[in-house]
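When the chains are written out, they are named A, B, C and D in that same order, and each has its own residue count from 1.
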């Protein structure tokens, strides 16, 4: 940038370095995606194309940014875990946050037509993001458990809700009222009794969300899973994820 | 978001509210646009299509976010001024920063084919951003003067540089060497003597960048100008820009 | 500090520079001074010795730190205004905050015996502090108006309250109950009717708190006033206070 | 605080909560103690009274703030470790930082005459402070190792330096020149050969600084040690220090 008598304004740019030694979690959320999904005719309760497009954008982000060791996605959100010791952009918060958010958004729009060949994008979608620091493995794992439990709960609810509406002929207000206060077991039962749906048969993608991991093969590459990340098994088999 | 025993991880999300009473400037920069512009055959020293696409994305951002009262763009960067008293997203820094960066990126990719009908986008571009606070009108005006002076200096340099290369048959290394240490007047002279170009005749768009202002007409709309924003005249005619 | 293989821990010390171009207000508050004042027999509703000791500590702070252009004290709190353009300790927040808080505390303990010659200090008192940025003159003036209005309100309340207890023979619970919900005028009236006290005759020190200003005489020195700082007059006569 | 139309200025007070799950280290440093120690005739290279006064102030701080599990002092500085899970003042940075700094300062002045019965305090000393977060045990231990190695290095240097000046009749400039670039072994040798001082016989207080630990006995109390905190032994015997 050229020097001039105005260059003093750069003094107002303050440092925003993130604490070393902590894991970084960057979570992106679709902005007004309720409206966006309606305008583009997303299937309910889950639109496979839309979820795969999210996965694709996330995979591109992880391919570009190798310090992202893990990502988890559900619905219109994605969480990226950067390794504890990352020195990406000297750990400058705004730089990391915007680079990831912008690239994810760009990939989402760029790949749209591959996943929605018959649905032109009507207007540009956007995502907002934040970075949260987690100082230890326990809190990182609990963060991802928190997101996956959220996926479980929301998907069960949405699955029954849309069955009631689409197959049961209820209005959305009636469906909400029917489900209000029901426990998990009751929802499973309702699905099975009324709609002959065994919740366990539903795709892991919908029940568990998408887990993306950097895989150290001949060369590093990203693996997409729809597995449990709440229990120890996943983490024990991939101790390198939280290792450095 | 669903509650669970893991929800305590939200306690790690700290407040990032921006100081009230200050102007917010959000500046976006193209990420690795040197490479991106080469891969997509941008004209040198200035590509009108690319600049108009930047303006278009910025205009969409201002149409969506009415608290942006002014924007200034040059090359692959754009600066947005949010009014002092804005309460957008409760002045949460990450939220404002990512919402603007993401939407700008999205619009850039979304509108690409209108501005580059014959050049398919080869890969998704991205932008990084930052927010800087300016507490008074003087420093805000100096911020924008800083960017416009930068435009002046860079454009003059690039205009001569590419004339030397494209018309003068020099290598880029030779062109750099020729220009090294030359004053502004010498560059004007070189342009006129060697290439018969009167720098003053060059489009204001290239010399002054793009100035976008919210115009209060029957309804608020965005105006695109390529005028001087260093001297008082622009600001006096639009005192509402810095007013609230 | 000596270098060693452990010196990397300094990387965890993050920058905490304060935004340029803003006024800094550093407010100190006595820590558990309710107990401290009881243990040391402070007079009620106001102890002149204790207030003068606060003023003395504040004056020493202003003599040491010339960038403090104004201070306001009441009860066990003091607010210091540092000029907008101060570059004290490169505007590092923790450094400024602790230097002022520590020195104020030190002066308070150091001078104690001069103001309380017959009351040995029984245990060490402490103060906590914070720095708040104000970007313009309006908000700075309103900050000090806020503190002085607080002084007015508290002093009127306390004056009637302790008259009821000390002269009126009420318990503190009864005095609180008597005053609950009464307007300012009613309190004035109560003072005059029941205790023959004209509130206007009460010392300005108690009604208005202490205003300390750097005075530019032959050499800079601190002036202590007990004047109105809510209206324009004070500020107009001392335009240099907010000047930069 | 009383409500008024000015109370909006509180909106400028931004949250400064410290990240959960990290250890807090608060380090205090004497402000201009070179001058203070000369004005009060501190013995060189070490003044036992001054060091014991520092220990006393630190012990008082730890007695008041039980969440401080460990402290380390040398010369005119003290570092306090607050346990990882502390919720002191809701982890508000300025509050914790100033409360500790102020109370330490207050205790230092308050107890002065007990440690310097023949030396009246000539002017009030002060300390500045900062808080640094450490996310894991390794970095916390390395922080304290960093300080203790610093003590070792400084004390060896100062011991030889002042022997050269006080017993060897050198000027301070000559003593500096003599020591410039010498290794540790050479300094030990110089001490022994020229001044018959075996460095190993020097008090642990001077070589190792002061280690204060909360001891869980019948009731919690503070223990003062002058032991090695670089190797594992100290930490293994007191695993509760970093435990929660």
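Keep this in mind: a residue touches a chain if its C-beta (ideal position, glycine included) is under 8 Å from a C-beta of that chain, and two chains touch if they have at least 3 such contacts.
Since the structure is predicted, the reported quantities are computational estimates derived from the model, not experimental observations.
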item: Contact distance in steps, from chain B to chain D; value: 1
item: Classification of the chain A:chain B interface as same or different, half of numbers criterion; value: same
item: Remotest chain, chain D as reference, centres from CA atoms; value: B
item: Centre-to-centre distance between chain C and chain B (centres being mean Cα positions), rounded to whole Å; value: 46
item: Centre-of-Cα separation between chain D and chain C, whole angstrom; value: 30
item: Set of chain B residues in contact with two or more other chains; value: 12, 19-21, 133-134, 139
item: For the chain A and chain B complex, residues of the former touching the latter; value: 1-2, 4, 6-10, 12-13, 28, 31, 60, 94-95, 97-99, 101-103, 105-111, 121, 123-134, 139, 142-143, 145-146, 149-150, 153-154
item: Partner chain C, residues of chain A touching it in the complex; value: 11-12, 14-15, 17, 19-21
item: Of all residues in chain C, those that touch chain B in their complex; value: 19-22, 133-136, 139
